[in-house]
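Some structures are shown below for you to check.
Shared between the two complexes below is chain A, which has chain B as its partner in the first and chain C in the second.
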Partner chain A sequence: MKFIQELPVLIIVIPLIFALIIPLTGRLNRLIPWIIASTITFFCFLISISLLMTVLDTGRISYWLGGWEPPWGIEYAIDYLNAFVLVVVSFIAFIVSLYSKKSVEMEIDEDKTSTFYSVYMLFITGLMGIVITGDIFNIYVFLEISSLAGYALIAIGKKREALVASYNYLILGTIAATFILIGIGYIYMATGTLNIADLQERLPALFHSKMVLVALAFFTVGLSLKLALFPLHAWLPGAYTHAPSVVSCIMAATATKVGVYAMLRIIFGVFRIEFDIHFIPIANILIVVSSIAIIAGSAIAITQTNLKRMLAYSSVGQIGYIVLGAVLANQLAMTGSIIHILNHALMKGALFMVVGCIVYKTGIEDISGLRGMGKKMPFTMGVFTVAGLSMMGVPLTVGFVSKWYIAVGALHAGMWYLIPVIITGSLLAAVYVWRIIVNIYFPDELPEQALQYTDGGTEITDHESQYSEAPWIMLGPTMALAALCIYFGISATAPLYVAEKAAVMLLQ
Partner chain B sequence: MADIIHIIQTKYYYLVVIFLMMIGLYATISSRNLIKKVIGINIFQISVFLFYIAMSKVKHGTAPILWDKSHVYDNPLPHVLILTAIVVSVSTTAVALALIINIHKEYGTIEEDMILEKQKLDIDRSNTA
Partner chain C sequence: MKEHIIVRIVAKFFTPFIQLFAFYVIAHGDLGPGGGFQGGVILGASIILYVIAFGMDEGRKRISQKVSDILVSTGALVYAGIGILCILAGGAYLEYAELPLGSHHLASHLGMYGIEIGVGITVAFVMITIFFETAKKERTDS
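Right after this comes the complex of A and B.
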């Protein structure tokens, strides 16, 4: 019984401790770091499921660190929203670490393997910390833990472009985090508290104050940088393109989602929705920005020749959907937005895993190099097709569920003019996904121009039509994500149930 | 006008903070040298630390220790927060410098323009090969 009560802190402490143990074990055997990372993330997943169940049974969990009563002590507060995000993050972390074995062996130097898993655990710790904590300064600290680990993860690969991409991310990420720190400073000056629940009670009395306005401005810009909302997305494509496949996978699937969570928590949890509407038109600004993000992200994705870079720009577009749903600020759109956190994690995770499989087998990252890959790697390409259809928002896949909710929510908010934006985003996604699917399955029907290879062009003939599938340890997790893409597309009741409760909680 | 002078007289420490913040941000954005960017980031972060320290000061306050001569204390909490933030800042700088060392090893320069040129050369080479 005692053990159950300590779960909220264990989900942070266990990966943190093992982040320090892994480098020591790496010397014994190369397999041990991978086994530990997979086991620990699996434990975290179990804990987060158990926390979600407890929240559904008994409501909000409040864990007092060191037994100090909030608002004086630090509180870990778990409600519907963060229990949901916690399950998503720990599940993706588990799936990706299972998948990572072969990919890491190939893309990362042997002597860096144990370091990689150590930093990976730190990264996961930081993300889960942001999600679980109920203290606004803790959000900053965990944000920096996960970001610093993220910079290291991007730079750990063998490509030299990765170093520059990581450096650019570091500069922008630090500016973002410092903006958030300024926001926290203002809000602390105004209220004298750092506890999120306490802030929520105290802030309404101070809504007319300029200090609170400035705080919100800093928070919005800082968080938009962190979650790569359109005009501030400059760090994302470089980072995702040049990082090792596993890292692109975990970052695309979890890091930006946690950024979105932080934005939801601060804009709707700390400041209330009345403030956002009555005192400053932040919701309107974000609606415009995220609409541009949806169109521009997807449109730029069409022009890319590098598969990873294309997926990165598509992420920029999909983040636009999540933010758009959230700032429409009605229950339906908010539900769509929250469930899109799960859905986008599933589909983008699957897509980047597919890229990892392709890179593992062939070393190709260029779209034109995928010609005829449907015969060579049928399972991998099957996953790509499912996740790609999901990205377009085809019915019976997860993408449809969330886009439907966001679209209906836009109608409810009386903003019918957002429907064309949502549909255009889907159509543009159809263009960039279809371009690849045609390349994979129907190589003969393409004009000669499209078949030009940019990466050396030497071993083109020998990877055509020979069956050579990625190893099962990579394929299994990838297919699991694709299966979930379909399963939650057909029967979305379970995530919808939690997402609806979270939306109601945020908007009350 | 009188308002502005009054603000300058009473809130000059915030002006210092804003001044430093702008120097830091400008240095980060405008310089093309990777090390100078890190210096800019550091100045920017330090201005925020000063902001926290300035707001924690209470008039005639002392350190929060039980003491006969004074019962007015400064707010210690922002000091503690900033200790944490300094640790974060130091580790960010460490990671940035480690990256710069590796960039220098790979590219032989830490000027952004030169690195961009070399990256373009890389792309051209892979296209023509």
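Right after this comes the complex of A and C.
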């Protein structure tokens, strides 16, 4: 019974402890880090499910670290919104660590394997910490933990370009973190508290203060940089393209989502929506920016030749959808935006995992190299098709559910002119997904290029029309995500129920 | 640095005093200025000074890669472990007063003390690891 009350802190402390134990065990056997990472992330997933159930039963959970009562002590506060995001993050972390075994063996040096899993666990700890905490300075601390782990994860592979990508991300990420810290400093100066619930009560009296306005400006820019909103997305394509496949999966599926969560929490949880509307038109600015993100991200994705880079730009577009739904600030659009956190994590996770399978099997990252791949890797390509259709927002897939809610929400807000933006985004997504599907399933009569095919790192010579599917340990998790893309597309009741409650809570 | 006899004698002479001061700063952390981080940096600096005077190989003889790697994790594990012990003792995470160490007052004191020691170990050996890593890189480049 006792441990049930301690779950909010255990979900952070257990992965943290095992992040420290992994480098010690890695000396014994190179399989142990993978086993620990998978078991512990599964454990975190179970804890997050149980937290979500508790929140649905009894409402907000508040955990006092060290027994210090908030607002003096640090509080872990769990409500509908962060319980939902916590489940998404821990689930994706579990699926990706299951999947990671073979891919890590191939793409990361053997002596770095245990370091990789250690940093991976730290990254997950940081992300879950941002989500779970009810203290705004704690958000910054966990943000730094996850960002520093993220820079290391990107640079850990064998590619030299990854170092430059990681360095770019390091500079921009540090600027973002500094902006967020300055924002925290200003609202601390204005209110004298760091507890989010306490800030929410104290800030309305100070809305006329210039200091609070400046704080919001710093938060908006810092968070936009962190979640790669369109004009500030420069770090994202390089980082996703050159990172090892597993790292691309986990970052694309969780890191930006947690950034979005932080933005929702700060713009709607700390500041109130009436502040944004009555004092500065921040919602209007973000509507314009995210509309541009939807169109520009998807349009640039069409022009890419590298598969990973294309998916990275498509992420930029999809983040536009999430932010757009959030800043429309009515219940329907907000629900769509929150559920898109789950949906985009599922489909982008699946897509990057497919790329990981292709890279593992063939070493190809170029779109032109995918010719005839539908025959070689039918299951992997099936997953790609399903997740790609979700990306377009075809009915019966998850993409449709969230886009529908965002579009109806836009109509509700009286902004009919956003409907063409949403539809154009989907059409552009159809173009870049279709370009690949054509390559996969309808190879024309061109002879196979003299590409160097590899199988798990070892080169193979006769590769034509061979059935060579990715190993099951990679394929299983990938197909599970694709199955969820369809399942939640047909029956979205459960996530919608939570997302609606979270939206109501944020907008009250 | 073999020929710099003064540097080597002074470094050797000062190392134990610096380390003693480091332990003082760590142990004093819960009552006065100082603490695990500051003390850990001083402890790390003492070993870095020794390595600068005597060279990498001599330094690695004293503190091997394996030992420093293990201690980096151990320090932080001490911190997290004390937190878990507090939960096992019936309190919240890091609620030292609940540790079964006599009075609540004494338990708070010892709990904080333990955490400062954990932080000190990790910080000291992270400093040493960073120093060795950067020094190693320069050597391969030249």
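Things to note:
Definition applied: the second predicted complex is superposed on the first by the 488 of 508 C-alpha atoms of A that agree within 3 Å, B and C clash if a C-alpha of one lies under 4 Å from a C-alpha of the other, contacts with A are read in each partner's own complex, and residues count from 1 in each chain.
By definition in this document, contacts are C-beta pairs under 8 Å (C-beta built on N, C-alpha and C of every residue); 3 or more make two chains touch, one makes a residue touch a chain.
Quantities reported herein were computed from a predicted structural model and do not represent experimental measurements.
When the two complexes are overlaid on their common chain A, residue A:I292 makes contact with neither chain B nor chain C. By the touch criterion defined above, A:V438 reaches neither chain B nor chain C.
Contacts of A:Y151 after superposition on the shared chain: chain B is touched, whereas chain C is not. Once the two complexes are laid over each other on the shared chain, residue contacts for A:L206 go to neither chain B nor chain C.
After overlaying the two complexes on the shared chain, residue contacts for A:A413 are found with neither chain B nor chain C.
Looking at the superposition, the partner that touches the larger set of chain A residues, chain B or chain C, turns out to be B. Remark: chain A residues 137, 140-141, 144, 148, 151-152, 155, 160-161, 163-164, 166-167, 170-171, 174-175, 177-178, 181-182, 185, 188-189, 454-456 touch chain B in the complex.
For chain B in complex with chain A, the touching residues are 25, 28, 34, 37, 41, 44-45, 48, 51-52, 55, 78, 81, 84-85, 88, 91-92, 95-96, 99-100, 102-103, 106-107, 115, 119, 122, 126-127, 129. Contacts from chain A toward chain C in the complex involve residues 2-3, 6, 9-10, 13, 16-17, 20-21, 23-24, 27, 63-67. For chain C in complex with chain A, the touching residues are 66, 69-70, 72-73, 76-77, 80-81, 83-84, 86-87, 90-98.
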